[in-house]
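Look at the two complexes coming up: chain A is in both, with chain B in one and chain C in the other.
Let's look at the complex of A and B:
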């Protein structure tokens, strides 16, 4: 490209300014990527939700239980294929900082309802036969350097308190990159055996799979009507609606992140726009000479936009590279508070595109000013 | 032969009934009034006159950098006064070489790159551009300074690079606005010798604005502008020239 050397020479004119401007882009893109993965992590529940899964919780709130006795009634509703149930355990491994989610599961039906999680068959068989057994997600295994066969204690302040001992019988892995591999599963029978009598026979929530997702609204309505006016009324919704509702409990994360992201990019636009404007103003006479010797107005605009785009591209790529390197470290530092901080190709592409758009926006006004500049006036000012 | 108030139509540059009026603060300022001029191929014309007489305005109009209020300018048969801005830009690239008082080189480009600029607008290959640039720099005596940046050159050398830039695309004519105004006498003399060589050896047509009678004396013809009106060239007194030029 024959104009490349001209664009490059102009960019390198003030090296410190160039570095600072590229640095602004890099920092902004790093923040953008980080905010993006946090937002995605919060939304992932809805994203990974099975289209054919429904969640049933107590109508009052998810912390209120539902009787286990509902299971058979639900299973007999036409269209329901599989049903399983879970409880939240809320235990602590050694220290509260070591958070990871623990769920009580129904081994008989867990895998039919959640086929996206795979466990080696021999490990699963060991787990089913081991009353104190546990299946742990690969990330949590790696985090605490556990291995199959380890016996680990988990303290709980719920369910009568005390320290519960578990044998790690197997490791589960998600079939998709976005699947949560931080969970800890253990058996319903062990849970039911140890909890106080007043809590026995109650589960936290049901998850069921239906034959045909199009029938989900009808099935949900039938279930809720079935248990209407009972002491434990139910609220049945699709898994994605349930996940979205769960995220809303943390506040409007999406709004918060979009607002912060917008402020970051608007500030970046002001910084780079000002830089480009100063850069163009400093070169008024040079641009006038270029126009005098035959460079068209559009060529001048092209040079200025070219410079802005090169800055945006380099800064954007640097920021995204930094994010790619730093986000796994940050995810570890967050101690699993947010599962699967994944910097997706779509997010990277969107970030780069946004950076380029900011680049164009920052160069467009100075560029148009240079286009409209009259050579005679510009040369007279020199 | 330069003719003022000419009527012939075989000249390289023909200016007819040229007016230029500026509007400043509601006031009309007539900078050029009813100007006629013919310049032939290979002529070297100097324009002199007091500040505000319209010299630079005339140069800007001849170079297609500004448009007249009335009248027409024809160069090599092309009337430029009614060209669109885009066409005029293309026309400038093909026909005009500009030389400015303060050289106006791009400081971040070296001598080679500065001279190459007008060729970037052509379809020449990289090798052809290199050949043209090297030739132009050799003509101005700077073949050994190609990689030097403007800050590494003296004022005279910078102006030589600017002249190489002006001639590299082989334009129809050169417009020089005070080309020696920023140079000492010795450097000015060298630059004028180079201009004379461009005219004599390469048959270039040069139109130059200057305040300096010694510099003007090197041209074939000196025309005087007074209050926007072009008057016939006058012989410069010999004692004014004496001792100044080689």
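Let's look at the complex of A and C:
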């Protein structure tokens, strides 16, 4: 970098301007990372879906039950490997604001269908033996400062009502960063025992794993045909299609975020482009002198692009660093309102790349102007 | 102890700084706005200089306008969501649910309770009898017109006299459903949002065939996203017990008789129910989503504001730097430091005011645009509109002025205190 010191000297000529431009970049990249993380959080369902998993819900309505007796019939369909069932409990811990999902699980098959959740073996064994036991995701444990061994009450108005007490026997963790660690699981047997008779024998939905994901469409069709015209018709989808449908119901979050993101980048481009243009304009005579003493047109362009790129790089890195530090704090502050906020390396890389592109774009017009500038005219101007 | 003291001190300092900043901003806005009257630098100078540096000016305007636009749009989204749900409640109605239930979905009241309620004091009556609608809600998937994928629609089984209880709902097309028959009336938003929900069409769900016989308009409330039918038929279809409902809505003799009705019903040992004003119930339902939108929108606008202030600062500093000679000349011919500061502040406010207006105008077409989202409390889809009100626009312009002062004050002071002789000698 034999011209490095020249670029550096030019950058430091107006320190306030340099700081402000770097600041604009940092803010834009910070916002970029933040919006990206929120978008990912809303789309999370599709990332966590297992390719070989199918979800079976009641065709009439997602809140209507399916009989437990369907289980064996489904298991007999060729290609089905494991099946488990869940119910939505919808209880409240102390206050409505403390929302977290509670699922009734079937301990026998839960771990075969959801291998991404790991529970220490000894904790799982305690849970299986404890009728009132519960396994809780790590994020929820932290949120309410629960410890293994605590006994906690959960109020419900469904299922006969009342306050149900649970012993926390263990904690589960997701194997991947995007796995949902907020769920609360408890035993089907306990659930079935306490609910009113008229509700017994019904599950909320089935989740099953198939031998070969390519067979999923055929299996889904077979299942739905099997129960067509029964009192409880089913709707079987791959887990990712189910999650994607769910996400779509939130409305067009992606559109909103992309719109805001483009407004920000357009503004950033204008600000930096304008700053570069001003700084080139101020230096017209200097650049002319450089050319007069023998620097090529290309190297003048290179100086200006170099300056723009250095600003973009520093500003971009700064913004992403800020985001890396701030997003965990935000995630804690927003706990319970949004799924996990995770800043992925891909997002960081994409952000930096965009910053550099904006840097080049902002430097290119003034740079070309300077490159084409006629030395005589420029020197005559002042 | 020491750590506590340290934090206390830190918070105090931060609070004092914040207060000073707020005072400076308010002072700056007032001073800048008064500049044409108290300052002696003619304002035509500012107009000329803004025009002479039009590229920088446009950049600053767009930066601030973008921020204001996002700010107003986010707030109007939150407002619209809240307004839709609040409009669903009427102060003259009371909602009765099982004690402890936080949403209708969790309710459960027996036909016996409903009968007891019908004789309670404070309830309105007409020739058909007491005005009570006992209701069941179901969540049924229908394909969206926009994407073709299913979204959950709230299907509400109601009593045939529902229109006399929810008096704000009117049938705008077709007719009301007939009692005891598989007929549906659909809300005007639902009719637009989902395919197949038009008058004359027959649709199937829950193993039954339903005839769509009418469309109703409930004045922009959340009912517009619902489908209504006879509660008894819906109970059969959803395979629920025939004599259990999820909630009952009562039309009160007058809004004041609420307490009277509530006391009578909640103290009756035959029932275990909660009574809330319908309007309070829906306002509470909107809090989760409103809070989420407001917090996210506020964060985004705050971050963007920092960026816009940087842009404005850059523009104003460049302006000051380019105008070194002009400023020095002004000072040399007798304008005071104070006058120069005022003049620059005025210029910054001028730019940001225009930007604020541009930002507001840019998002104004969003007003009334409907969009859908999931209502967390009912797991069903809800249509609502952006609601841009005059006070939101005012807030947007004010926000722009704050950014203008923050971006213009330091450069203005710097401009005023440059030594005259040095600046004149430059270049």
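Everything below uses one rule, namely that the second predicted complex is superposed on the first by the 374 of 382 C-alpha atoms of A that agree within 3 Å, B and C clash if a C-alpha of one lies under 4 Å from a C-alpha of the other, contacts with A are read in each partner's own complex, and residues count from 1 in each chain.
Rule of thumb we're sticking to: a contact is a pair of C-beta atoms (placed from the backbone, for glycine too) under 8 Å apart; a residue touches a chain by one contact, two chains touch by 3 or more.
This is a predicted model, so every value here is computed, not measured.
Q: Could you tell me if A:157 is touching chain B, chain C, both of them or neither one (first, second, both, neither)?
A: second
Q: A:263 contacts which: chain B (first), chain C (second), both, neither?
A: In the superposed model, A:263 contacts chain C only, not chain B.
Q: Which of the two, chain B or chain C, is in touch with more residues of chain A?
A: Residues of chain A touched, chain B against chain C: more for C.
Q: After lining up the shared chain so the two structures overlap, which partner does A:245 touch, if you call chain B first and chain C second: first, second, both or neither?
A: Touch status of A:245: second partner only.
Q: Between chain B (first) and chain C (second), which, if any, makes contact with A:20: first, second, both or neither?
A: After superposition on chain A, A:20 lies in contact with chain C alone.
Q: Under the stated touch criterion, which partner chain does A:371 make contact with: chain B (first), chain C (second), both, or neither?
A: Neither: A:371 stays clear of chain B and chain C.
Q: Contacts for A:271 in the overlay, against chain B (first) and chain C (second): which applies, first, second, both or neither?
A: second
Q: Which holds for A:92: it touches chain B only (first), chain C only (second), both, or neither?
A: second
Q: Looking at A:3, would you say it contacts chain B, chain C, both, or neither? Reply first, second, both or neither.
A: It touches chain B, and chain C stays clear.
Q: Under the contact rule defined above, give the chain A residues that sit at the interface with chain B and also at the interface with chain C.
A: Common interface on chain A, chain B vs chain C: 382.
Q: Which residues of chain C touch chain A once you look at their complex with the stated criterion?
A: Interface residues on chain C, with respect to chain A: 55-56, 58-59, 62-63, 66, 69-70, 98-102, 105-108, 138-141, 144, 147, 149-152, 205-207, 237-239, 241, 288, 291-292, 295-296, 299-300, 303-304, 306-308, 310-311, 313-315, 317-318, 321-322, 371-374, 379, 381, 427.
Q: Mind pulling up the chain B residues that touch chain A in the complex?
A: 60, 63, 65-66, 85-86, 89-90, 92-94, 98, 100, 102, 104, 106-109, 113, 117-118, 120-121, 126, 165
Q: Given the complex with chain C, which residues does chain A contribute to the contact?
A: Residue positions touching the partner: 14, 16-17, 20-21, 23-24, 27-28, 30-31, 34-35, 38, 60-64, 90, 92, 96, 155-158, 161, 198, 231-233, 235, 244-245, 248-252, 260, 263-264, 266-268, 270-271, 273-275, 277-278, 282, 330, 334, 337-338, 382.
Q: Using the touch definition up top, name the residues of chain A that touch chain B in the complex.
A: Residues 2-3, 5-6, 9-10, 12-13, 285-286, 289-297, 375-376, 379, 382.
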